[in-house]
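Common to both upcoming complexes is chain A, partnered first by chain B, then by chain C.
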Partner chain A sequence: MKFRVKAWSKTGRSRVGELELGSCPHTFETPALLLSTRKGLPHFISPQLLPSLPSPDSFLLQCNPLHFIEGIPFETVSRIGGLHDMLGLREYALAAAPRDSDVCIPESNSSNKFGASFETPSGRHLIKPIEYMKMISSTKPDLWTTLADEVPAWVSQKRNRTSVDRTVKWLDECIGQNVTGGAVFGSIVGGSSIEERQRCAQEIARRNVSGYWIGGFGLGESMEQRPALLHAVVTNLPEEKPRQIFGLSLPEEVLQGISAGVDLFDSTYIYDLTIGGLALTFPVNGTEPHPSDYQLNDNVSDFTKINLKATIYRKDESPILDSCNCYTCQNHTKAYINHLLNVHEMLAQTLLEIHNTHHYLALFRTIREAIKGDRFEEFKHKFIQGRREASVL
Partner chain B sequence: MKFRVKAWSKTGRSRVGELELGSCPHTFETPALLLSTRKGLPHFISPQLLPSLPSPDSFLLQCNPLHFIEGIPFETVSRIGGLHDMLGLREYALAAAPRDSDVCIPESNSSNKFGASFETPSGRHLIKPIEYMKMISSTKPDLWTTLADEVPAWVSQKRNRTSVDRTVKWLDECIGQNVTGGAVFGSIVGGSSIEERQRCAQEIARRNVSGYWIGGFGLGESMEQRPALLHAVVTNLPEEKPRQIFGLSLPEEVLQGISAGVDLFDSTYIYDLTIGGLALTFPVNGTEPHPSDYQLNDNVSDFTKINLKATIYRKDESPILDSCNCYTCQNHTKAYINHLLNVHEMLAQTLLEIHNTHHYLALFRTIREAIKGDRFEEFKHKFIQGRREASVL
Partner chain C sequence: MALRFEILGRFNRARAAQLILPHFVCHTPLFMPVGTQGTIKGLTTNELEEIGCQIILGNTYHLALRPTSELIDEMGGLHKFMNWPRALLTDSGGFQMVSLLHLADITEEGVTFQSPVDGKPMLLTPEESIQIQNRIGADIIMALDDVVKTTTKGPRIEEAMYRTLRWIDRCIKAHKRPDEQNLFGIVQGGLDPRLRDLCVKGLVERNLPGYAIGGLAGGEDKDSFWRVVAQCTASLPEDKPRYVMGVGYPLDIVVCSALGADMYDCVYPTRTARFGTALVPEGVLKLKHKAMADDIRPVDPTCECMVCKNYTRAYIHCLVTKDAMGSQLLSYHNLYYMLKLSRDLHSSIVRGQFPQFVCQFLQKMFPEGDVPEWVCNAMEVAGIDISSCCAPFPMSHDEHQTIYESKWVA
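Up next, the complex of A and B:
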């Protein structure tokens, strides 16, 4: 892994970096989005379709080794050559973490000193560091995060302290297995306690890791609590190493993270939109929305997204966005996507996911340009203001 | 549409032709397979993945206007520019017919003098020629077949006669609507009656159509009955026009059709294999199968196909076929496909469908080369013999 910061905001901690991972031939600019996957597969987009997404932005994938617990034996994955070879994704960068938002939910009540517990569709699994490291050594990701004891925002100060102690101990146990290959990101927890967040960041910053994974967000803390918690973490981390976060997914939350100096984000938001039949339409590239572009006769559409299940799109022969150059907008009409949704054809989700991914990656590009031009805080303010106005119209 | 026969078998009626359709830029060699679709979409293979299949062979698609009855309004399809534009398949040749094997099944008891009845997931639909032609003029296929009154093999001679009378009448009514654009294939029926097959073919041969659609097969007739029925049809048709058939799907049945002089086939067999978790492995290109290549410890695999659900493939790190250059075999192992099937990931079907389509199209290529080299009947005999031996092993 190689990482270097190449531009800083003068106002605030946001920054643009350059990231290289494993044998992936691409260089990624950060802040960047990691596309989430299920069993190593991007949601709704077959591996063969991935090349139609913007390059290199879409070559950065998040994967979860726990998804394979009840499937193929880890020894077989290993003998095939790891996930890259098994999934046919050799040009892609794979970042592994044991948590995700829709399959493996951390279950802090059942975690104990031996390992972290996850609630999954196949029941509850207690994962110990040694087992986790077997998964990592078999799946061979380019980057992996250490096992974390994540807790929700409402636990006691004592539980927060325990979670930090365990997470630091597990980091040492994970690294102690001496699995070679991928870059290690040290997990940082501490719930909604400023002191524990600081303590955890300071402890982890002393370890020999390539970067940091900031866990324990998106678990009940409020938008207002978050900046101070992020500040407590990031100010205790070396500036030259990358920082990944999980659990910030709305555009407003991503902007909060970027302001705090976070470099890597997850794409849960895209998945949630697509599942709901929604398509992103907010302006990127600083162009303003034209109210006349939208037909807002349904309950869910606003100026930031439209609900393609709505009857008004049944005969709408225009693409989601005239200005979008994604595969979906170049080839299909709203009427066709509305039809596919009505008849429960999975191509609806594929087309929506392509558009939404395209659109969200475009937002990240715009953000990077804003940071480089030292206009990020202004962009953030205008963007949030615009979304707020749009959603009350 | 352009069609010319460019090579004949000296022994038998099999032939190689060249077909051009609509504005599709490709020239297809026949005998050819039309890939079947559901609501215009190829099974399991997103439109964006189609280019990974062999070109130009995979650019020939079968579509069914009846699939859109309960979906998008036909006027909207028309305003979008027809199926080519709506589906984003502008380079593809689309051949329309109202029958298919898994969504619209002809229901001869409910057909009457006004129209043909089809059993569909959304109930029974009686389709009259004028309604059918509205669908054709909206969907704008490159080729369409006239409405047929198909009957199963066991109906009375009287019912066979009625079906021919109706099918001829409906052809005149369909053509009478003067829908311009696609080439017209006249439907030929007659069930299992040699005389009615002859009479129908003679009647339709007198009409101004570009080719022929041979219906009423795959509806209960035996393999032994079929050659005489096909002979009765084909010998009454002009040689210079193409002949399409529906309902012959096993390799042995396709070879029967080709021997009789049929040029175009449907791909129901591929779909059935994929649904069953089966991958084709029979030798094409004249290479003999090596028994040691296969592990035949399960109940369904034989030397012509393997059942990837079988436990023996759980740790098999080789591709379906080492010699196959399809996307699936170039990128994935049997173990991974077995895993995907076990965890019900739809990518399993996508990968199987890609391989099976690739393999079946290769068989068609081999058949065309055999006809050109005047070795077809020999190839057919060896192929059927080999499959028969394989399936009793």
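Up next, the complex of A and C:
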């Protein structure tokens, strides 16, 4: 892995970096989005359609080894040659973490000193560092994060302290397995306690890792609590290494993370929108929204997204966004997607995931340009202001 | 008439042709994937073009319910609505009603049924079916016929056959776009050769752009099935396409093509994919089977589709029946398999190597040489010597029994 910060914003901690991972031939600019996957592939976009997404931005995927626990033996994954070969995604950069937001939820009550517990569709699993490392050595991701004991924001100070102790201990156990290949990101927890966040960051920063995975967010803490918590973490981390976060996925949350100096984000938001029949429409290039792009007389649409299930789109022969050059907008109308949603056809989700991914990646590109031009805080302010006004309308 | 049918090659009764439709030049024998509601199992129209899909079948009954034929018409027709540049075919809607709704009743007027929307009694007349199909705008539209199960006995069969003939005239009269859409008539008559013959004669007199053989694939025994196909193809005109409705098992398609049929449709390849079954030259491969979890071979090592080039059985095993992507990938492979079969049938007939192709096909599917008797009988009528594959084939097929299912159950 190679990482280098190439531009700092003069006001605030936001930064633009360059990331190279494993054998992936692409260089990624950060802040970047890791596309979430189910068993290694995007939820509804077939591998045939993946190349239609923006390059190289879409070549960064988030994978969860725990997804394979009940489907395929890890020895078999290893025999196939690891995830890249199994998924037919040899040019892609794969980042592994044991947690996601829909099928592998940390279950802190069942975690114990031996390992972390996760709630999955195949039941609850307690994963010990040694087992986790077996998964890593068979799946061979380009980047992996150490096992963390993530706890929700409301746990006691004592439980929080335990979670930091365990997470640090598990990191040592994970690295101790000496699994070769793949950059290691050390997990940082600490819940909603500033001191514990600081302590965890300081401990992990002492370890020999390539970057940091900031966990324990999106678990009940408020948006107002976050800046201080993020600050406590990031100020204790070396500047030259990348920082990944999980659990900040709404645009406002992403902007908050970027302000704090976070480089890598997850795309849970895209999945949630897609499942809900929603399409992103907010302006990404700094221009004002065009009124004709929006029709606001349904319950869910606002200036940032539209609800394609709404009957007003029944006969709408225009694409989701006229200005969008994704596969969906180039080929299909709102009326067709509305029909597909009405009759519960899977192509609806495929088309929505393509558009939403395309659109969210464009937001990240705009953000990077803003940081380079030292306009990020201004951009952030305007963007959040615009979203607020839209939700009031 | 809005089509041309040009035969490019023959082997005895089998033919390979070019079917020139308003939106696409199709090659027969031709498998038509079913896209019930204007889409096929998460596959984009681009992907469907890539795997060689030439024509998609839409179900009039479903489309008329949602999004409605009026809306499709307003959006410029189904081609434009789903952004599919190639050919389309719609059924009459009658079969779907009879098979999906218990409360459908057929009278001389048409098919009466209870509306699934508000429960009110509705009537689909031949005129209305054509009007709806005219609005949807497919290249080929189907006449409303009086469908009875092939297993039905007695005077009901005869009544249905005569009614189908009376209805075809109402369909022809109602058809408003004969220069853009081709109305196919449907041969009925159950398993009774006399009734089938009368129906073929009656329809041929009407000089339609194409003919379908209906009322099959409904639980009749295989020997009756192929005999009806053989009888109808023998008496239908040479220069018109022949479509066997609802037929889609690979073996059935090979047999029917040998007997001179040209077009087929079936939900089987995509439906079976949803349950984790892949179509392979040996028969079917059940990806849900435990043995698949450790199998690092492609679904079909001889297949050149995107799925077989990139994925192992083990990986597909862990996706099937649990994740949307599993059925998407298997549907992709299964449709690729059916479309490749169509292409192979076409090219082997054109190159004069049809019997060799049939023998290879049967050898792979029946490596023990146990080709079903009905296939042997049909091939004899088709004038194709398959004696070379009816003896045990000297090759090791150790896994054949455990993993593949080579017997086709209709």
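Just so it is clear, the second predicted complex is superposed on the first by the 392 of 393 C-alpha atoms of A that agree within 3 Å, B and C clash if a C-alpha of one lies under 4 Å from a C-alpha of the other, contacts with A are read in each partner's own complex, and residues count from 1 in each chain.
We adopt the following convention: a residue touches a chain if its C-beta (ideal position, glycine included) is under 8 Å from a C-beta of that chain, and two chains touch if they have at least 3 such contacts.
All values derive from a computational prediction rather than experimental measurement.
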Chain B versus chain C as contact partner of A:His339, first or second or both or neither: both
Chain B versus chain C as contact partner of A:Gln48, first or second or both or neither: both
Contacts of A:Arg79 with chain B and chain C, given as first, second, both or neither: both
First (chain B), second (chain C), both or neither touched by A:Lys39: both
Touched partner set for A:Lys6, first chain B, second chain C, both or neither: neither
Chain B versus chain C as contact partner of A:Arg124, first or second or both or neither: neither
Which superposed partner A:Gln349 touches (first chain B, second chain C, both, neither): second
Which superposed partner A:Lys113 touches (first chain B, second chain C, both, neither): neither
Chain A residues contacted in one complex by chain B, in the other by chain C: 39, 41, 46-49, 71-73, 76, 79-80, 86-88, 314-315, 317, 327, 331-333, 335-336, 338-340, 342-343, 345-347, 350
In the complex with chain A, residue positions of chain C that touch it: 37-39, 41-47, 50, 62, 66-67, 71, 74-75, 81-83, 293-294, 296, 306, 309-312, 314-315, 317-319, 322-325, 327-329, 332
Complex contact set, residues of chain A against chain C: 38-39, 41, 43-44, 46-49, 68, 71-73, 76-77, 79-80, 86-88, 121, 314-315, 317, 327, 331-333, 335-336, 338-340, 342-343, 345-347, 349-351
Chain B to chain A touching residues, read off their complex: 39, 41, 46-49, 52, 70-73, 75-76, 79-80, 86-88, 314-315, 317, 327, 331-333, 335-336, 338-340, 342-343, 345-347, 350
